[in-house]
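The same chain A turns up in both complexes below, where it pairs with chain B and then with chain C.
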Partner chain A sequence: MSLSLLLQSLILGLLLGGLYALLAAGLTLYFGVMRVVMIAHSAFLILAAYLAWFFTKQTGLDPLLSLFITVPLFFAAGYVMQRALLSRLRPATLTMMSVLLTFAIALVIEGGLGYLFSGTQRRIQLGYSGASLELWGARIAVVKLIAFGLAAISLLALFLLLKKTRFGQALRATIQHREAAQLLGIDTDRIAGFGFGLGLATAAVGGTALALDATIYPSLHWHWIGPLMAIIVIGGLGSIPGAAIAAMILGVTQALLQIPMGTTWAQTVFYVALFATLMFRPQGFFGGRLAQRF
Partner chain B sequence: MLSASSHGRTPAAIRLVAAVVLLGLVLAFPALAPDPFILSVGVVIASYAALAVAWNFVGGLTGYISLGHAAYSGLGGYGTALLITEAGVNPWVSMVVAALLVGAAAVPIGIASLRVRGASFVIVSIALVLILLLVAQSWAGVTGGSNGLRVPRPFGTDVLRPEQHERFFYLFVALTLVALVLWWLIDRSRLGTGLKAIREDEDKAQALGVPTFAYKLVVFVVSAFFTAMAGGMYALWFGSLDPIFQFSILTGSYLVLMSLLGGVRSLLGPVVGAVIVGYAVEFFKNQYGDTQLHLVALGLLLALVVLFMPDGVIPWLTSQLDRFRPGGTSIREVDAAQLAEERKALEEAKR
Partner chain C sequence: MRFTTIPTASKRSRATLAATAALALASTLAACGAAEEGGGDDEIVIGISLPLTGDFSEPGKGIQRGYEAWAEYVNANGGLLGRDVRLEMLDDQSSAERVAADYEKLINQEQVDLVVGPFSTRLVIPAAQVAQDYGYLFVEPAGAAPEVFEEGFENLFYAAPAVADDHYKLLAEHILSMPESERPKTAAYASMDDPFAQGTAYGLKDALEEGGVKTVVDEVYPPNTTDFSSIAAKVADSKADIVVGGSQYQDGVNLIVALQQLNYQPKLAAFSTAPTETEFAEAIGDKTQGIIAPTGYTTKADYPENQEFVKFYEEKHGEAPGEDEANAWTTGQVVAAAVEAVECAEPDPECQSQLIDWLRENEVDTVVGPLSWDDKGRPQSAHMIQQWVDGEIKIVLPKDQAEAEFIFPKPAW
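For the complex of A and B:
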């Protein structure tokens, strides 16, 4: 194994890890505000990728511009979904039933995409699709760098939003202790809806980033949901930094294992890590109080 | 205590007669089926019933919803096939041995996924199916990869297809019955009471001294065993295994939908659900072919059930009917003196 190949895998792993981190942050947000495991997250990811592809196909513009449509759209969809569907479920069985409800939504999205666009694999062709940078013998595709940049900027924006704004404070208060937040005059229902919208907006950004350099098809979301679920459990359910760290580590591990094992077997690293975590440290590695009980 | 049925209590004799009539109808189905195709649909529905009842050991008794039971049915199928082809074991012995092995494998899986509450359980159940799909597709030397695996028929070539369907129909019905009896026994046992306490409030159950983890693990393993039996039987009937269909979250979600629709708290709920959903699935496939619309239909139906009838279709229907009845009141139709007399009579009877 040459050193440049190793370096290349390392960089690709970091770039992929960035995307995982953004998406896992979205999943963590849902879990934080509502204790909901959102299976449909990756289905929305693929939906956003399809919208980006469709946008480029119809208008000929750069897929990145579709973000101006998909991000607000997904934010609104997330808000509506939380307010109209998930908040109707009984609190006692919320965890289980929300899984089923979001699973149902994922099926509808997958089936709808398959029906509208057929199961054919799609790919966006761009002027810079083939371009790549060379760095000490490692070749890195420009689209992957753009995807990573998009993920990193969004993650940073999310971080600043949560830490520096009044809304972020209210959201974090809602996540930490709902009743106490209510007593302080926070409209937790609305905030929870916005939290959901934010989570879904990460799927919009992630989907566009994905569409830049991946071949997409309707059932692709199953390949994403497993790793993402594993990441949030390993990071400790409810912890955004934990999810980001776990995403980076697993992304790099996956990329490095691809060299000796091939792509398919390298995927299993997520599941092996998931089982090991649950066996030895069920609350995850970076989880706080929230993770203890779920 | 009678098992909770929202109708109040039907006399035991009527229940027994109804059960016998129902069973008679089920057993007469192969004779009544007009053609082999309908018969094969019946076999599929019977296999769904067996799977749904097996699922309901965990889903119904503990309230832990597994989306990944296809993992156990798939393992049962592959295990059966491999034992027959690689080790030359008798098909029926293979089926049971494979199911026992899956039950044993369910122990560590259960330990990993049941240690923490709900959310992780669901995540592991999904992850398990995805990992097994990867393995079944990649490990071509053993599993045949994406081409799948052929399973030798358990009956000789002189047994024709319709005859095969008939035999397998009875086998699936028998398996379902065994699972139902066991479910009924657990439901009435101390174990069942503990499990239902976990379903209603796990913290309180634990505080009251219910060994929650051990109880959950026991039904989890039982559920995996029966699911693997049904999977193995399906493999023997169908004759070939395709990883995409064996390790499919979709199949797992069918089981959830069936049980929820029929009612997870009742004995026969999953069977009722299997008949409704199984028939609907086959009808849909027949009418609309293999378009992606069946996913949309399945998703919408699941969402409707989760949102509006999480206790099942029968409790939902009765509650809808109750709207037209006079409002329920707590007014007794007897006065205090009559009540005192009734109680006295009861006391007498006890002595």
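For the complex of A and C:
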């Protein structure tokens, strides 16, 4: 193994970890806000990716511009989905029933994409898809760098929103103790709806970032949901910084393990880490107690 | 007895056999009173079961169009042995159990004169088993995976130029015939863990290793892999002279882009399947120059049979035929050649074994060029090699079919 390959793999791992962090952020947020397991999160990622592809195909403009449409659209869709569907589930069985409900939503999205765009595998044709920058002999692909940048900006914005704004305080209060928040005059139902919308808005950004450097097809979301679930459990359910740290570690580990072990075995790192977490620290490595996860 | 010579006949298939023997007896008794169901003197009935619904319905319908076009063409040109060809088609719903039952029905009840194969390895094997049990000739249009030829079938012929391992045969020959100074010295291979895709890349790998081209990377990835940057990093780091992908579609495209991102510039880049798809150029853009792919069929091949087929098919359907249609047509041609030569097309084992023996010994001119087979039914021809030249994919090997010069070394992508 040469030093240059090690450096190259390290860079690829960091870039991949950044993308994982962005894709997982929404998933952990839903759970934090509502104890909802959102199987359809990755289906929304693929939906956003398709919308970015369709936008570029129709207009010839850069897929990043589609964010101006998809982010508000997904935020609204998330709010409606929470208010109209998820909030109607009985609190006692919420977590379990949300799996079934969102599983159904994922199937609807997958079927809809297949119906509208067929099963043909698509890729956004970009002038800069193969372009890269050089750093000490290693290469950094421009599309991966953009995806990483989107991840960094979105996660920072999300963090500031939760920590510094009144809405963020209200959302965190809702997460920590719903009844207490209500006593303080917070409309927790609306806040939960906004929280869900926020999670889905990250899916719009994540899906667009994904579409820059991936070939997409309607059933691709099944490939993503497993690793993303593993990331949020390892990071501590509900913790965005936890998910981000877990994503970076797993991304880098996967890329480095690929050198000696090959692709097939390197993929198992997610599940090995998941088993280890459940055995030794079921609450997640970076979460702490659920109430203090921000 | 033909049955006892089947080395791989499983317990299950023996049980099926016993059951079908009983059924056969019953249906023969029943048939005594009824009119004969098979073709009379004026027509030849060919029995086919196809996956017209279910998983394989897309390619299944392609095969159906090919068979139908072929039958129409034959009938428009005087039929076979002066008799009209009639196709008896059943839908097996892409199910392996169903396809076996369908061929039982075609052979026993309908007493068809000939049978031809369905689509894909998974259905070809059970269908070929039934045909073999009754001593029928079995020419099939799809089923290139090694398993098909390892079952010990004595009646099976694959009607396409080459099995997966031989897809790159012409490319291997071409590389090894280069002068020592130009010949690539190292090669990197990345292939999907799939018998067909991996078979193509490993066929080339075996040939090149034997010819002294050193393997520096040999990566196998699971079919669900979508991120190829790490595999690309290994390939790029090895600085291999050539890169070979045993790919299907998205994996090939993603790997090519990942290699471009690392600014890896090989002298030759060959990928199976992906570069021949219509979506390929749309995905990769203008960075396709010099990419190589083997292909089983192209409308542009100038065998006279192919030109006739393309013309006839286009007149009928208003669009060019694809590989599935061509493979079905080829299957028809192969069966027809045997029938014309032996001058029989009857269900009786005597005639069927004559047809089988004739195909064993002879070469047939088809839309994919002249075909002949080894004793397991593997075609002995080779896939054409195509290369992307100025935004278009063109035949570069074999030389007598070439539309463009083979470009080596490959221009930068």
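Throughout what follows, the second predicted complex is superposed on the first by the 289 of 294 C-alpha atoms of A that agree within 3 Å, B and C clash if a C-alpha of one lies under 4 Å from a C-alpha of the other, contacts with A are read in each partner's own complex, and residues count from 1 in each chain.
Everything below uses one rule, namely that contacts are C-beta pairs under 8 Å (C-beta built on N, C-alpha and C of every residue); 3 or more make two chains touch, one makes a residue touch a chain.
Keep in mind the model is a prediction, meaning the values are calculated, not measured.
**Q** Which partner, chain B or chain C, touches the larger number of chain A residues?
**A** B
**Q** Which partner does A:Gln267 contact after superposing on A: first (chain B), second (chain C), both, neither?
**A** The answer is both, since A:Gln267 touches chain B and chain C.
**Q** For A:Arg90, decide between first (touching chain B), second (touching chain C), both and neither.
**A** Only chain B is touched by A:Arg90; chain C is not.
**Q** Applying the touch criterion given at the start, work out whether A:Ser132 contacts chain B, chain C, both or neither, answering first, second, both or neither.
**A** A:Ser132: touches chain C, not chain B.
**Q** After lining up the shared chain so the two structures overlap, which partner does A:Gly149 touch, if you call chain B first and chain C second: first, second, both or neither?
**A** neither
**Q** Would you sort A:Tyr217 into first (chain B), second (chain C), both or neither based on which partner it touches?
**A** Touch partner of A:Tyr217: chain C, not chain B.
**Q** Touch check for A:Ile225: first (chain B), second (chain C), both, or neither?
**A** first
**Q** Once the structures are superposed on A, label A:Ala255 by its partner contacts, choosing first (chain B), second (chain C), both or neither.
**A** A:Ala255 contacts chain C only, not chain B.
**Q** Determine where on chain A the residues touched by chain B overlap those touched by chain C, and list them.
**A** In the superposed arrangement, which is not itself an observed complex, chain A uses residues 262, 264, 267 for both chain B and chain C.
**Q** Which of the residues in chain A come into contact with chain B in the complex?
**A** 31, 35, 37, 39, 85, 88-90, 93, 95-97, 99-101, 103-108, 110-115, 119, 218, 222, 225-226, 229-230, 233, 237, 262, 264-265, 267-268, 270-271, 274-275, 278-279, 282-283, 293-294
**Q** Going by the contact rule set out above, which residues of chain B touch chain A in the complex?
**A** It comes out as residues 63-65, 67, 108, 111-113, 115-120, 122-124, 126-128, 130-131, 134-135, 137-138, 249-250, 253, 256, 260, 291-300, 302-303, 306-307, 310.
**Q** Under the touch definition given earlier, write down the residues of chain A that touch chain C in their complex.
**A** Touch residues, chain A against chain C: 2, 4-5, 8-9, 12, 15-16, 120-123, 125-127, 129-132, 139, 141, 143-144, 213-215, 217, 220, 223, 254-255, 258-259, 262-264, 266-267.
**Q** Name, in rising order, each residue of chain C that touches chain A in their complex.
**A** Residues in contact with chain A: 193, 219-222, 224-227, 229-231, 233-234, 236-237, 249-250, 253-254, 257-258, 260-263, 279, 282-285, 287, 413.
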